Amino acid sequence: MSAGTTRVALRRDGSLDLSVGAFSPKVLHRGPQTARVALVGTRALLLAGDHVDVHVEVEDGCALELVEVAATVAYNGRGGPAARWDVHLGLGAGALLVWEAQPLVVADGADVDRDLHADLDGGALLALRETIVLGRTGESGGRLRARTTAEMDGVPLLVEDLDLRETSLRSSPAVLGSSRQLETVAVLGRRVEHPDALQLEGPGTLVRSLVPGGTSACWAAVRADLLTAPRGTDTLPPT
Amino acid sequence: MPLRHTAASFNASGSPDLVLALLADARLPVGGHTQSAGVEPAMAQGLTSAEVPAFVAGRLRTVVAVEAGTAVVARHHVLAGADLRPVRLAWAARTPSGPLRTASENLGRGYLRLAGRLWPHPVWATFERTPPRPLVLGAIAAIAGLDAARLVRLCGHEDVATVSAAVLKLDPLDPLVTTGWVLAAHPLVEELVTRCASLTDPGEIPATSAPLVEQLSVQHSHAKQRLFHA
Amino acid sequence: MPETTRPHDADHHRGTRALRLGIAGPVGTGKSSVIALLCRELRDTYRLGVITNDIYTDEDARFLRSEGVLAPERIRAVETGACPHTAIRDDVTANLLAVEDLEHDFDPLDVVLVESGGDNLTATFSPALVDAQIFVLDVAGGGDVARKGGPGIGRADLLVVNKTDLAPYVGVDVERMRADALAAREGRPVIALSRTDRASVDALTAWLGGVVAAFRSGAHSPVDPGPMAPHFHADGTVHSHA
């Protein structure tokens, strides 16, 4: 079912627009042009046919950090329609968004279509950490298709269609092999140096790991760096 | 960067099958023998030759679809006299690994050198110095009279043939076994034709990713011992 | 295969781009050492770059960098997919691109040296890749190697018989080997070289100086040694492997 759109918008004038959908946004910290907001689930996620819709907007020069409190489990849909999870991110010029998503666990029998679209204006920075886990303990996991599109000033920066719906494709030694977990740290808007990084042609870097916690150190460094970097406005305390 | 070229004539003559045979020949002097299509780094991480067919199948359904889709859309743009820049950007956004972009650009330079001599045409003057391979392949197809379906077959065949030839250098195997892999991949190559041959818009180019292929390409670029470039 | 001149854009470039010099020869005969020697002797005379073709590692490039004879970034390694022969002859694309990149990045260069991965006696450079080539043998390979012939020995622009200082230890008569080589080469130049023999080193650098001057004046014509020279069979027939 659709629970309406979860919206977090930090405006140029410092105001914060919040609306409750599948998540309820809770303000943890406020500065003149900064905010840290927690996304708290309002109900059991993710069931067959669910449609989760999250809109995040960070206007010019503002800085927002999103945190999540719990992992999301996509449950066995028992043949029902796929659950949809749409995320729209809009970052104005010089805006910063840091988001550590909690793991998305795709249980046996679940079917999830995750679509993330990010629009960045010049000088915007997006740092996103995502973890996909196929199956709970002892399971091999359900179907997941995770699409990601990022554009910078209207030019495609990253377009990725991670299609893990079929076991035969997913377990190919070209795709995930025997791994059931994929962590990704995406930094868009600038590059970060890391020996195993995928450096995009445009300004952006992906750091991935197929082992649990493989990106933890990288994420901690990226997050601390971005949050404490001197900005035109106030900065977020790194907590 | 490729600029808009005046839609010059594409009076390709002759047999598209022979053009396909020429381009699919492993002896084509474009530097293909320096590439392993990702199988060298995979074998360095423990891939066994028994697993190669699954590796090939994974590639054909992911990164090769990006390649073939880009080539088909590039062909369409060249035939329409349209700017290739959006096609190049779409390809780059779908190819997150720097070493894989470089490998494609090295091959692209090789094909560009070949194409400029074999099929003289004003479009070549609009190409940048290091175009990715699918852009050049698409333009060759447009100029030499290769239809989109054959172009996709070329991309698919080329990938599995590259893997198979490279495995022979990495693991002692009967070459009839590796050639058998190429034949066995034909249904997947035909699936790729269905998926890619009618694309025209850069936004429609498949973006299917292969995390292990991408990750291993980066590790390979740091490797001290390697036979193949990528 | 008949002797052919460089089949493509050489005339357009001749005298404006670097001279491309190939160094071929069997494994371990001293190709990298000859390159190191040339760099050491001539780095103040010419602007140099080096491409190595490594079989399994970038050993050659690393050796040359460690010799400190040239700025490390002027020495680049090219992978050959375990086909060193192909990379200098049948499909020179990877090497050609590497040469062009070096010339582009360090413009202007006077000489680019390309070391082939050590191969057998039949491996010679295509004239599509190099303007001139040196074939390197050594005395340790045996005194009769020069007589065995092959396209590199017979028709490379220069044949080097290397490590002459070792001749007494391996029972090779250098003068005899040189005479055999000269005969096989119908008078084309042969240098009996040892890095410890100053006169032989001077002969090598003088030879290269002559080639560079001829290249710049447009007088030098690249020659293809061919994949296999015509040769005699015991029954008296002559044939050529095309």
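Letters are used for the chains, namely A, B and C, taken in the order the chains are written, and counting of residues starts over at 1 for each.
FYI, a residue touches a chain if its C-beta (ideal position, glycine included) is under 8 Å from a C-beta of that chain, and two chains touch if they have at least 3 such contacts.
Being a predicted model, the structure only gives us computed values, none of them experimental.
Weigh A-B against B-C on C-beta contact pairs and write down the one with more.
A-B
Would you mind checking which chain's C-alpha centre is most distant from the centre of chain A?
If we average the C-alpha coordinates per chain, C ends up farthest from chain A.
In whole angstrom, what separates the CA-based centres of chain A and chain C?
56
Using Cα averages as centroids, what's the distance between chain B and chain C in whole Å?
34
State the interface residues of chain C toward chain B in the complex, per the touch definition above.
Chain C residues touching chain B: 8, 55-58, 78-83, 86-87, 90-94, 96-97.
In the complex of these two chains, what residues of chain B are touching chain A?
38, 42, 47, 51, 54-59, 61-63, 89-90, 92-98, 101, 206-215, 218-219, 222
Flag every residue of chain A that touches chain B in the complex, lowest number first.
147, 155-163, 168-169, 171-177, 182, 195-202, 206, 208, 210
Which residues of chain B touch chain C in the complex?
27-36, 106, 109-110, 113, 117, 166, 169, 224-229
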